[in-house]
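Order of writing sets the chain letters: A, B, C and D. Residues in each chain are counted from 1.
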Amino acid sequence: MLLILKPQMTKTDANELIARLAWMNLKTFITEDDNRYCIALIHHPDQKINLELFSELPGVEKIVPFKERFKLASRNFKRSRTIIEIGPVKIGDGSLTFMAGPCSIETEQQVYQTAQALASQGVKILRGGAFKPRTSPYDFQGLGETGLDYLSKAAKAHNMLCISEVMDTKEVEIVAKYVDILQIGARNMQNFSLLKAVGEIKKPVLLKRGMHATYHDFLLAAEYILTAGTMEVMLCERGIRTFEGYTRNTLDLSAVPVLQELSHLPVIVDPSHAVGMSRFVPKLAYAAVACGADGLLVEVHPEPNKALCDGQQSLTPDEFAKMAKKCMQLREIL
Amino acid sequence: MLLILKPQMTKTDANELIARLAWMNLKTFITEDDNRYCIALIHHPDQKINLELFSELPGVEKIVPFKERFKLASRNFKRSRTIIEIGPVKIGDGSLTFMAGPCSIETEQQVYQTAQALASQGVKILRGGAFKPRTSPYDFQGLGETGLDYLSKAAKAHNMLCISEVMDTKEVEIVAKYVDILQIGARNMQNFSLLKAVGEIKKPVLLKRGMHATYHDFLLAAEYILTAGTMEVMLCERGIRTFEGYTRNTLDLSAVPVLQELSHLPVIVDPSHAVGMSRFVPKLAYAAVACGADGLLVEVHPEPNKALCDGQQSLTPDEFAKMAKKCMQLREIL
Amino acid sequence: MLLILKPQMTKTDANELIARLAWMNLKTFITEDDNRYCIALIHHPDQKINLELFSELPGVEKIVPFKERFKLASRNFKRSRTIIEIGPVKIGDGSLTFMAGPCSIETEQQVYQTAQALASQGVKILRGGAFKPRTSPYDFQGLGETGLDYLSKAAKAHNMLCISEVMDTKEVEIVAKYVDILQIGARNMQNFSLLKAVGEIKKPVLLKRGMHATYHDFLLAAEYILTAGTMEVMLCERGIRTFEGYTRNTLDLSAVPVLQELSHLPVIVDPSHAVGMSRFVPKLAYAAVACGADGLLVEVHPEPNKALCDGQQSLTPDEFAKMAKKCMQLREIL
Amino acid sequence: MLLILKPQMTKTDANELIARLAWMNLKTFITEDDNRYCIALIHHPDQKINLELFSELPGVEKIVPFKERFKLASRNFKRSRTIIEIGPVKIGDGSLTFMAGPCSIETEQQVYQTAQALASQGVKILRGGAFKPRTSPYDFQGLGETGLDYLSKAAKAHNMLCISEVMDTKEVEIVAKYVDILQIGARNMQNFSLLKAVGEIKKPVLLKRGMHATYHDFLLAAEYILTAGTMEVMLCERGIRTFEGYTRNTLDLSAVPVLQELSHLPVIVDPSHAVGMSRFVPKLAYAAVACGADGLLVEVHPEPNKALCDGQQSLTPDEFAKMAKKCMQLREIL
């Protein structure tokens, strides 16, 4: 349930209340909307809670139950959109964030070259896979920590942030050491141990929607990260699995306005994995921007036809530049 | 197979060839690209065809087999995009066509009032359902011919064209008497008798994608109309059925660029039926425009909360006006 | 709503009541369960109905509202399972009904030969397509009325009933002239004009589930036939469209017990179209029988590799015989 | 690729060859069919392999390339069905294996009581969840190691084996300490780190099909476990996600014969999670047995209405007993 504090209550007042609740063995989360604090109170299903008791706590104006199964991810908990600030970069503040780079990090040169090209286009976040979740064990599995090292260095050299996928609880710390944003892939969206582990690291997380996940499943997966302690979660629509096999997946752009209504978290779109053919990526990127996406995750490779992974869905830096420019123009109108 | 004629061959030459082929009991279709005629030759699966014989026909430069199961709908048959001209209206010429109006025609006043509001926004095509395909026999089934009469009069009074759905081969002639464009609904996309019947009427047709139809199924359904004699077919993406039940259907915007690549036919998007909640319609309309849709089919009702059918997905004329304006701005950039 | 009559009320009493309701412009349907009559009263959504008035009608014990959107198809209306009797054949009485034959009727000899082989196995219902709903206009479209004539003669010659698909309202009367059971294909499950038309003919109907249809959609489609006047409707599960493309469709056997719980109508399973490869058909037929299907619709062709349509999913008469024998053994245990 | 050895080659000969290949830095897997050894040779995509060289190795009769992306899971590698032997229990030998028990282990008494009831029915494998993958972080997450202890003791006390899910690479060793079969849940089917980790433990694994997984995805996931070193993998069909929301998932029984054709691994069916309502579980269990499943995974709870998890899909021990008896009768016929 939510304790809405009285308008005059300060952060100090709120923290005193939280301490008191902690003493009662209750887990709390705090948020602020319109200069008013709001405390989410998570209790164990077995704990008996006396509502009246809470409404009598000092400074509490009213108590509101959660309407949805997802709580911290809901607008109920936080009415205003979440803005994620990482150094100079803001995500979800109305600007359009690009995260771009190769599907897999292959060589130091490849990632450096890509970073250079993207930085010159104003891209602030470099993506690249080091631990790769491949459908077949016989496919290239990524360079691992070496790849992270290349990625991190290439990003720093161009004043960029970087993002990479983490696949295993055992690797969370290693990946977190190198990257600014941890990515959870679609296939791990309901790897609940991993969700808790990344939440505890308290670094921003980009969570990809599972191929089979409804909006509710998706937000409940985000809830695992949020309750573990990280409020900085981005939701990434990357296509769902349907009967249409012409495209790799079916990009569900309704997810953008719907998730933004249900949740305060930023919504990113990955058109590359969704459609799976690079020539269609720009059109779907425009569509994503037009319906209000907070950012785009796009695969860019200096030589797509030589890529070890997903080359057919990667743009060249030139194609990316052309696309990004038009995206910015579209965003200005909206 | 396709007979590509030599560049110097005139329409008269082509027609002579067609007559000769007809005499051989072969069905033909002609198209022109870059001042060069091309004849599609459809033969019965049982007919033995001697390819050499055809390559020796006068004026034939080369013979090209069809690459896809859909033939007349393919880019193979017609490289340039089809532009459908109905009176002063052109669809598929790079402009953005709006078709708007109520899901169901309810009263003469309702449709007149809607037409007036839409005409003042520059909308050229009025939509309205008279024969309604309702999931339940207990739901409002439409006004039938009376509804068509209201629709047709309201359109004429405001210098608009009109479009309405036809559900049954028996009603094709009646509907065709009143409307400028015949609509085939998603549930009838594979009602092959109906497809043939509307094709024979030789009026423009808007074919909605079935909820379960792949792009190939969709284009083969269009092929039924094309082979029956109507080259003026629009493909309408209106959402497919997936596991996600929060929205009415899942709008598959990848269909827009993919269908435009596979086929020369114009591609229209219906965001209203796809998402099913009016507050999300504008965002999805922007997305459709951004990825290159040739037009939008949108539900507009003067009083959505009083609508007999699908009120929750209808925009008010004011909401429509605001949306249409932004769509036009987006289109200008692309 | 449902008027449950008092136990002592006779058929004559019930008919008097129906006449009175007809005079009030109300459409009624009658059923009998456990020697007690029950009248379903269908009124136009606009009609105001005074419940109290009806409860005071002579012989009415109580009034029960329908719980589901489908009414006549529901267990609410008819608690006992519907048994369809056609001549000596009973469907839905606990026995296992086989309907078998070629996908398409190709020649008189082919259908005669198939009928002979099946009749010798005790099969009572011969299936065969004359009007074929083919995804492509270039595929074999069926022999039409000639095919129906072959089918009907072959059935009569072997003391069998026959079933064939009707695709168009214009053809309902012709097909009904030749066959004992009218089939509505999956692609026409929501061709509402056709549903009404077959319902009015008052012959038994086998309705196939649309590839995209939920159980509720399916039962509402059946409701169109029922309200049009035919109580003898069979529901046929034939696979739904999912992301799994290895099999032609995904056979949803949960439909069997669920539909039998929601509805009193017999449930038939078509394993041939569902899986699309003949070597898997027997296993799925056994599964269908094991979960309680009232019957099986199976494709049988004397020479599957020469079939003009769907040969890869047709059993030979020998394969069918072996399968049918095992099905009967399984049924005995249940 | 596969090296098929000459018939006279002994196990010792084969091992010598394997040692030689290992020296060449090649990973190998051996299998025996019809008294003939066959060595699968897995090489890194970058390794250049000279086919001729291998065909000249001593004892090699011929070299066969793999036809599918999955190799060790294919019939290509192993023509005969895999039989998994765990103590006195054999899975995949033509008998029907039951694995039954509560969704979640709740108390020592609950699991003991369930074990007792099931053991008296001849059930040899006890299931029970200790680490629970729950869609919401607010749902009961399982008892963890304490639960495994209860499960293991209850199984031993009744001469049963036990199976439980492992969700995280960090927990693989703990779970393996207590159970005889490690279960990978549907949500972790593409948690590739976990698949490798359980494969390395060399205990039998039951792998559940992901809700979105095609047969090929499923077999490639199994391939991760196989290449990690465990040949004893069971494939478990538990329903896929489709548009039909009446049932929890859509049980895809075609998977049983198809997977048994594509692969040599045993196929188990979980009707409980698939349909999600206990009253439909027996019918679907019969169907699974009828189409050839090697075993059933069924939820049984002494008091389903008091279960902390998935009570609505659990059978009582009595319902289970009745169902199991009929399953055995059906199996005898097949």
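List of remarks:
FYI, contacts are C-beta pairs under 8 Å (C-beta built on N, C-alpha and C of every residue); 3 or more make two chains touch, one makes a residue touch a chain.
Not measured: the values here are computed from a predicted model.
Each chain gets a centre from the mean of its Cα atoms; the one farthest from the centre of chain B is D. By number of C-beta pairs in contact, B-C leads over the other of B-D and B-C. If you average the CA atoms of chain C and of chain D, the two centres end up 38 Å from each other.
Here the CA centre of chain B is 49 Å from the CA centre of chain D. Averaged Cα coordinates give chain B a centre that lies 33 Å from the centre of chain C. Among the residues of chain D, those touching two or more other chains are numbered 212, 241-243, 245. Residues 241-243, 245 of chain C are the ones touching chain A in the complex. For chain B in complex with chain A, the touching residues are 212, 214-216, 240, 242-247, 250-254, 256-258, 261, 274-275, 279-280, 283-284, 286-292, 326, 329-330, 333-334. Residues of chain A touching chain D in their complex: 42, 45, 69-71, 133-140, 167-171, 187-188, 190-194, 210-212, 217, 220-221, 223-224, 227, 241.
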